[in-house]
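Okay, so chain A shows up in both of these, paired with chain B first and chain C after.
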Partner chain A sequence: MTKLLEAFADGLGRGSVYALIALGFVIIYKSSRVISFAQPGFMIAGVVLVTYLVQVSWLGFFGAMLLGAVLIGLLALGIERAVIRPMIGRPIFAIAIITIGLDIVLRTVAHAYIGPLVRHVGDPWGTSQLHLGSVRMDQRHLAAVVTATVLVLLLFGFFRYTRMGLAMRAVAEDQEAALAQGVSVGAVFALSWALAGGLAAVAGSFAAAGVSVDNTFWPVALYALPVIILGGLDSLPGAVLAGLVIGVLRSLADAYVDDLSWLGENPSLIVPWLVMMLVLVVRPYGLFGTREVERV
Partner chain B sequence: MRDSYAGRLQRRATTRRPLLHTSYRSDMALLNTRAKRYAVLALLLVGMSLPFLLPDAFLTELAGGSAYAIGAIGLMLLTGFAGQISLGHAFFAGVGFYTAAVISGDPDGRALGFGVTEILIWLPAAGLVAAAAGALVAPLATRLRGLYLAIVTLGLVFVGERVFAQWSAVTGGGSAGRPPPTVRLFGYRLDADGAFTKPQQLFWLMLVLLVVFAVVARNLARSNVGRAFTAIRDRDIAAGVIGVNLTKQKTVAFAISSFYAGCAGALFYTTVLNVNPNQFNLFLSVLFIVMVLIGGVGTISGAIAGAFLIALLPRFTDALAEWLPFISTRPQDVLNDSVTRFVLYGLLIIGFLLFEPRGLVGIWSRIRNWWTTFPFSY
Partner chain C sequence: MLQVHNIEVVYDDIMLVLRGVSLSVPPGRIVALLGANGAGKSTLLRALTGLLDVHHGKITRGRVTLDGESVGQLRPAALVRRGISQVMEGRRIFGELTVEENLRLGGYTNPKQFRRRCELVFGLFPVLAQRRRETAGYLSGGEQQMLAMGRALMAEPRYLLLDEPSLGLAPRLVEEVRELIVSINRTGTGVLLVEQNATMALSIASHGYVLETGQVVLDKPAADLLADDDIREFYLGLHPAGAGGGPERRSYREVKHYRRRKRWLS
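Right, the complex of A and B next:
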């Protein structure tokens, strides 16, 4: 029982990171119907930036993370303006491939700044643990859960109660109608990219807490892809829930690795993808996604 | 019939008015102008004589480019013609490679092998097994569209990479790898120095195979299957309404594309000594997509041009590092030649999609039009 609960707690921590990255994917998808494959690039760029910023002594981990998130958000905003905006109206496929190109560039540059040695985000938790009765939980995982909860609530408030949030929901509903009502669709696109970039940087910082950052760190962000498929591409609650589900499933696969030996070593690496494929066979639009109605 | 009025008219048309088609036959011809016929013939002659003109290292890169081109043609049929976005091409290339390697592998070697080194046996087998894998994935594809499909095929690459790394009886395992297939044509060993050097022989082999695969693909593209593919790409619901069997055609597209990928995978690595299972990763899939996009979506010649550009890009960045003093060749510097190469991959994708969506083929047709209408180039 302890093992199960520990795996669960561990998974919630991992899952919060996936949920934050997945939220970025979904926000961009909702505003412009594009899956941005550049999210892993923004995440690793954010992490590397934070590892440098944290060396400024008065910033601290949280200061570095916030500043890193803002800077990556601005970078994402600039990239959207320069590269994605001219592509509006072109096939979605072409835009998605451009984001792959962006990802390659961002990732290569970020990796070049990692250099030959590993880097650390300098988080205050390391691998120290918290004892809740007989269950042990990593402090960094608790911190990730708390931060993700705060950010999700902030986002919810933003979408529900602010003018810009209303504009973003309107664009998600119908771009042309929103444009006709005076909503600046361009500003919405820019803001959605900035939000996604900032979220990726924060998520990356928590994923890097307690571990070292090197050239093999970036695939963490790719687990957000099964998450968004599982939750449905256009569902924000779906992204959060599916993020936690995938995180817990990975941790369970790690905890019960002996029972999953038929999946080979490290089954947790492929469990998310297998779950995603199974779900897609049954529900092609994910658990909470909107079924598309096609008109000819 | 040759001297009939229509025949004479047609011959006149091909010489004087290249775009005036007076028969269905001339409209559908692969090489519809005399200039094209001569150009292709010249290109083939130059290609066949390259082994006498170029150093062996360059030939190895070009042979790899031909193998890439075969894979890119496969992806072009699936993505460029049938409109199904697949990021899983590397997985199918891996399936093809391991089929070929197992069939032709050394029976006494560390990894499984049956010792049948005849290329005429292992190459079709590699294609067929990969095609079967593609047909197995197709049911997912018929339920999904667009970017959902892209992500699922991306998942396929990850699952495949794990399977390849784990199945060490076949792949040699994650750290060791296994040797590539041995190439024998009618008993004559091609991947060892014989009458000519190894790169020369492999280059000729790959060039001939590339021509065969390209002609088959061009013929497929202009047949009823190809027309069904383009109909699905342009509007799949409309295609279904006018009687295209979507499930069947998408399955066919996946199977054919995977066949090409399998053959490309089996051929590409014959130039190296050892192949690690992590070769068949997401980056290879992205490279294939890049070749298709840079070449020009919807054209076979575009796939070939894109593949050669990508295969020769390392050579280009090396030269760049020599000319430009701020690009270093030391891996510990931030701006080294491998960073430059990857940044160039990314910038090429972005640049082509932004400024020349029709790719290299688009650039070529623009140059051609400028000369055709020479003094009045507006």
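Right, the complex of A and C next:
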């Protein structure tokens, strides 16, 4: 039982990271119907930036993370303005391919700043654990859960109560009608990229807490793909819930590795992808996604 | 005065949809724009509200002017700020948002006036006030049309462009929409009314244009259009006043095809 609960707690920490990255995918998808494959690039750029920022002692981990998120958000905004905006109205496929190119560029540049050694985000919690009865939970996981919760609440409040949030929801539903009301669709696109970039940087910082950052770190962001498929491409609550589900499933697979030996030696690596395949077969629009009716 | 001078609109660089259309909407008047499907009515409205871009359309010749100032190249938001609002065909309300949020978006360019304008709109459309917290997608068709009109009025336009407001509404509701247009106009708003329902449009308009395959073929005061033989025959389905005096209904089957050729094209 303890093992199960510990795996669960561990999974929530992991899942929060996935949820934050997935939210970035969903926000961009909702505003422009493009799946931006540049998210891993923004994440690794954010992580590397944070590893440098934590060296400024008075910032601390959270200060470095927030500053890093803002800077990566601005970078994403600039990239959207320069590279993506001129492509609006072109086929979605072409834009998606451009984001793959962007991802490679971002990753290459970020990896160049990692240098020959591994880097660390300061490791504020190390391996210290929290004891809740007999259940132990890593403090870094708890911090990830708390931060993700706060960010998600802020985000939902933003979409629900602010003028710009309302504009973003309107553009997600009917771009032309939103334009006709005087909404600046360009500003909505820019903001969605900035939010996605910032979220990726925060997620990366937590994924890197307690581990070292090298040029094999970025695939963490790829787990957002099963998450958005499971949750539904255009659902924010879906991204959060599916993020936690995928995180927990991975941790369970780690905890019960012996029972899953038929899946190979490291089942937690493939469990998310198995879930994704299953979802695509059974319910391709995900748990909360809009069912698309398309005439062929 | 909202005017277009001789404009040509081309979609995707090849499809010439408007071929030298001129039209003017004087302030505080109702102008009707009639025409069959595909004549270019919606394209003309897009040209007036800056929405051609979305459809890969371009104004290749001619000008759109508002009080003499050229506004053809402005973005939609700038046009809304200058007082041109459009109710798009098919209503296009935001179905997932609430009624109030829809209205908020209508007043997006000037949020400070929201409360006051909301009262104005609720005065015109009491049903929206009752349903302000409901999801707009669950409103009935008539209520959605009211919401679409209310949303456009939230920008307090000087010129309101209506694209087929009677589309898909029961005759009673069409009547109601007609009355609403009249009362909106009475507050000093100029209205450009695009309609298939010619009887309804001409009964309240002061001037009318007939658009056909991208050209204005008739341009007369509404009363003259109502009396025009061709309009009576092709838009109102009435036979030219015969020996009996009053207009009588006639089946199109009885009309020889060569007689149905419209006089203005021959």
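Observations on the structure shown:
FYI, the second predicted complex is superposed on the first by the 293 of 296 C-alpha atoms of A that agree within 3 Å, B and C clash if a C-alpha of one lies under 4 Å from a C-alpha of the other, contacts with A are read in each partner's own complex, and residues count from 1 in each chain.
In this section, a contact is a pair of C-beta atoms (placed from the backbone, for glycine too) under 8 Å apart; a residue touches a chain by one contact, two chains touch by 3 or more.
No experiment lies behind these values; they were computed from the predicted model shown.
When both complexes are superposed on chain A, chain B and chain C sit side by side without a clash.
Of the two partner chains placed by the overlay, neither chain B nor chain C lies in contact with A:153.
Of the two partner chains placed by the overlay, only chain C lies in contact with A:170; chain B stays clear of it.
By the touch criterion stated above, A:278 is placed in contact with neither chain B nor chain C.
Once the two complexes are overlaid on the shared chain, A:225 sits against chain B while remaining clear of chain C. Put chain B and chain C next to each other and count what each touches on chain A; the higher total goes to B. Of the two partner chains, neither chain B nor chain C is touched by A:56.
When the shared chain is aligned, no partner comes close enough to touch A:132: not chain B, not chain C. Contacts of A:74 after superposition: neither chain B nor chain C is touched. Across the superposed structures, the minimum distance from chain B to chain C, using CA atoms, reads 17 Å.
Within chain A, not a single residue is touched by chain B in the first complex and by chain C in the second. On chain A, the positions that touch chain B within their shared complex are 34-35, 83, 86-87, 90, 92-94, 96-98, 100-105, 108-109, 111-113, 115-116, 222, 225-226, 228-229, 233, 264-266, 269-270, 273-274, 276-277, 280-281, 284-285, 294, 296. Of all residues in chain C, those touching chain A in their complex are 49-51, 53-54, 56, 75-77, 80-81, 85-86, 88, 92-97, 101, 104-106, 108-109, 111, 151, 155. Contact residues on chain B toward chain A in their complex (touch as defined above): 85, 139-140, 143-144, 146-148, 150-152, 154-156, 158-159, 162-163, 166, 235, 237-238, 241, 286, 289-290, 293, 331-332, 334-336, 339, 342-343, 345-350, 353-354, 357.
Those residues of chain A whose C-beta lies close enough to touch chain C in the complex are 89, 163, 166-167, 169-170, 173-184.
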